[in-house]
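Next up: some structures, all given as structure tokens.
One chain, chain A, links the two complexes that follow: it is found with chain B in the first and with chain C in the second.
Moving on to the complex of A and B:
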């Protein structure tokens, strides 16, 4: 074929566009738009979701996620340090923990904590405490690995320099290694926070009062009430209200603690 | 001397005292019995081929590498004693690394103040005063707010020297301080080291800078195969080496590219 390089590139792109347009048209022409409009965009139903979807559901999702993340971060950090410990038993325990909880569906862990712990210890577990604990355990298994990798990526020379100045292992970790590792683990940590936001929907497994509903459950009960899919759209948007700013914040922080190793606002 | 923790009481003012030091990595014996006494104010340069154990020797002095056997006594304290508070002992030794190892998360001032503040418990103001004085000493006062990544290798190494000095060490350990530098940046770092030597700092320098060793050292050690092959004044060891191995090494270093006899 006597096409120039530029002509070939243009032809290739043309074919890709044509395929994309064909797919969009196919979907657009075969879908029942009137029904979709009625099911998903019922303004009356949408309006009835407020303010509950915000003041109860969105709030609960944020509370569960934030609490779960704090527990996950603290536990994950301890587990990461245990995995890097020179004490064999610590390494074994942390390794087993990570393999065990990382391999189980979050759903099983929520059920196990929510129903298992009260049975085992003969106590009543507050629902918020249960979901916090479950999310914390799920998240910590992943965060432990992320943080471990971050700590290990800090060059050995940094530790040697700190130790040679007389800094103890703990001070070296707190003032030198963790601040540097933080920069590296920030993107995967954000990822984990977004995953936890979605996993918080598993709170529905623990049964609930209206006051304790988070987004997903709030949407589901509205679904039954109105026979409309609109609540799904509303709560879906609410999830994005949480997760999209999180991604944005992560990118901002990443830039701030720039890749060149120059944290602009670094406080010593 | 075991168990002695009193400072500065060693005989004839020996600051670093190594006795029959051995170090193995697995089955590879890197140090095979090193004895070395460094007096206060003495500048000792350690030269030798790569893999000869000279860096390992230096790293054993502040226990970045733990010797397999033998003792290390620094300023009267036996730091190879398992009961020795190694963090306390290390404060008396400043270490300068081949790769600078400035803390990348801190600016220059942060690098110089973190240890005085977090280890010695100095106030921020106090630590910064000392830091500025030491920055001036290495000629980098204007860089106090720069981050390591914004500095040239030579500047980073001078900051690293200033950082070690902020702890007011009794002895400075230099591990090939100019080996990672572009040739035109070596001079500034050597100048700083030269002026330190003139101020009477006790220095242990692992180096490939034969000319520097010749000018500044009180004593030169030639190490090969984990033992001290030859030692003495620079005039003797570099100027008129007795050992065949020393002569071959110096020929290779001083006249690279030429065939050795």
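Moving on to the complex of A and C:
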């Protein structure tokens, strides 16, 4: 077969399209659409989810995520600075922390904090505090690495320039390096926020009153009550209401600051 | 980077750690709430906090944004006796039956249609029994699976997929008595009954109360066997918390004598106790 390169490319693409069409047809023809429609698109059940799904579940998800992210960011910044420290023990502690918590499923961390902290200190954690702490710890391990990479990618010249202008090392770090590093890590941090939004679904492990349910548990609870999958679709859409704008924001930021992290036209 | 700037980095790290730790220290301490009754200590002021695992119809389930059921009304009697209101926390069953939820002070009582048994008795204290139960077999009416006792059930269910609920006495019973069946463990009763209804499992084993209720509401399902396991439900209280335990026992005893118990029983099971 003497095909030109162009013909071969076209043939390859044709095969890809054919496979895609076959898969779509197979799914479309074998799925029981009537049942799916009844299970997932029961308008009556969907309507009954409002306004609770917004005023209780969506609100709780946003609150848990936002609080968790603040803690994660604070802890992550500290850990990043510790990893870059000249003090060996700081580097070791931060390194161990990151490896430990990055390697564990978030589910285990939520259970460990929910039961462990009250047992160890003899005090009940408020539920919001417990989930905030758990999400903060889960997020901080990832954020620490992101921020560390960000700080390291600020050009050395920036530090030297600041120092030669007479700024102290502390001022240099706080006013010159960290602000630039944060601009660099904004897009990956936004992605971390999206991940935390989804991890907040683990709050059910801590036990909830009906008013404390976040999206995933609200959906599960309604699934049991109505024996319909429609609530799962409804809460799924609610997650997308949070996450799609965030990922759009992440892309915008990435475009604005460039993949190398520096603002376009900035001298390096 | 000169050495000095590295020490500065460390200094910033230490300072920031201090700030974060200080922030954590200020978190609201909801433990050790003052007593509500005479010597009854409750985990949250003015509330009798109940741990349960939803849904377990008709004992406790979410009915249009409100948790209702037999257990709920029984514990309401205890709350009324103590002059407080009941707050119900829905939490995974493992934490309830292991006693950890009570130990860490998540709740004052655990009311979750829970069978009194020796293992659980080591983890927490039980009230006097308030309900008799047995294990039962839920199948599709059309499947024709029946049994009279554990031995015939083992035969009828050999090679079949049998659904059970995580950490329940039903799971234990199935593990002991159905050696040749494939056991599928579900997180809650809703998932278990739905699985049986949609043929993901051939049969489901659970307490007779909720399965009979489910079969009544879903005519294509049937409870074809009950296994006389002679179980009794009790309300759980943290080990050594005699004040709350006494309040629970007194409330149950009063309800039994003044007819409230029978009234609640009839409301949720549609018949008088023992009928």
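We adopt the following convention: the second predicted complex is superposed on the first by the 254 of 268 C-alpha atoms of A that agree within 3 Å, B and C clash if a C-alpha of one lies under 4 Å from a C-alpha of the other, contacts with A are read in each partner's own complex, and residues count from 1 in each chain.
Heads up, the rule we're going with is that a contact is a pair of C-beta atoms (placed from the backbone, for glycine too) under 8 Å apart; a residue touches a chain by one contact, two chains touch by 3 or more.
Everything numeric here is computed off the predicted structure, so don't read it as measured data.
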{"item": "Which of chain B and chain C A:180 touches, first, second, both or neither", "value": "first"}
{"item": "In the superposition, chain B vs chain C on chain A residues touched", "value": "C"}
{"item": "Which superposed partner A:119 touches (first chain B, second chain C, both, neither)", "value": "second"}
{"item": "Partner chain in contact with A:82 - chain B first, chain C second, else both or neither", "value": "second"}
{"item": "Touching partner for A:167 - first (chain B), second (chain C), both, neither", "value": "first"}
{"item": "Partner chain in contact with A:99 - chain B first, chain C second, else both or neither", "value": "neither"}
{"item": "First (chain B), second (chain C), both or neither touched by A:158", "value": "first"}
{"item": "On chain A, the residue positions that both chain B and chain C contact, one per complex", "value": "163, 168"}
{"item": "Chain A partner contacts - residues on chain B that touch it in the complex", "value": "62, 64, 87-88, 90-91, 93-95, 97, 99, 101-107, 110, 113-115, 117-119, 147-150, 160, 163-164, 167"}
{"item": "Chain A contact footprint on chain C (complex, rising order)", "value": "1-13, 16-17, 19-20, 23-24, 27-32, 43, 51, 54-55, 61-67, 87-92, 95, 100-101, 103-107, 188-191, 194, 197"}
{"item": "Parts of chain A lying in touch with chain C, wherever the complex brings them together", "value": "48, 52, 71, 74-75, 77-78, 81-82, 84-87, 90, 115, 118-119, 122-126, 129, 133, 156, 159, 163, 168-170, 172-174, 204-210, 217, 221, 223-225, 227"}
{"item": "Chain B-facing residues of chain A, complex", "value": "155, 157-158, 160-168, 171, 175-176, 179-180, 183, 260-263, 266, 268"}
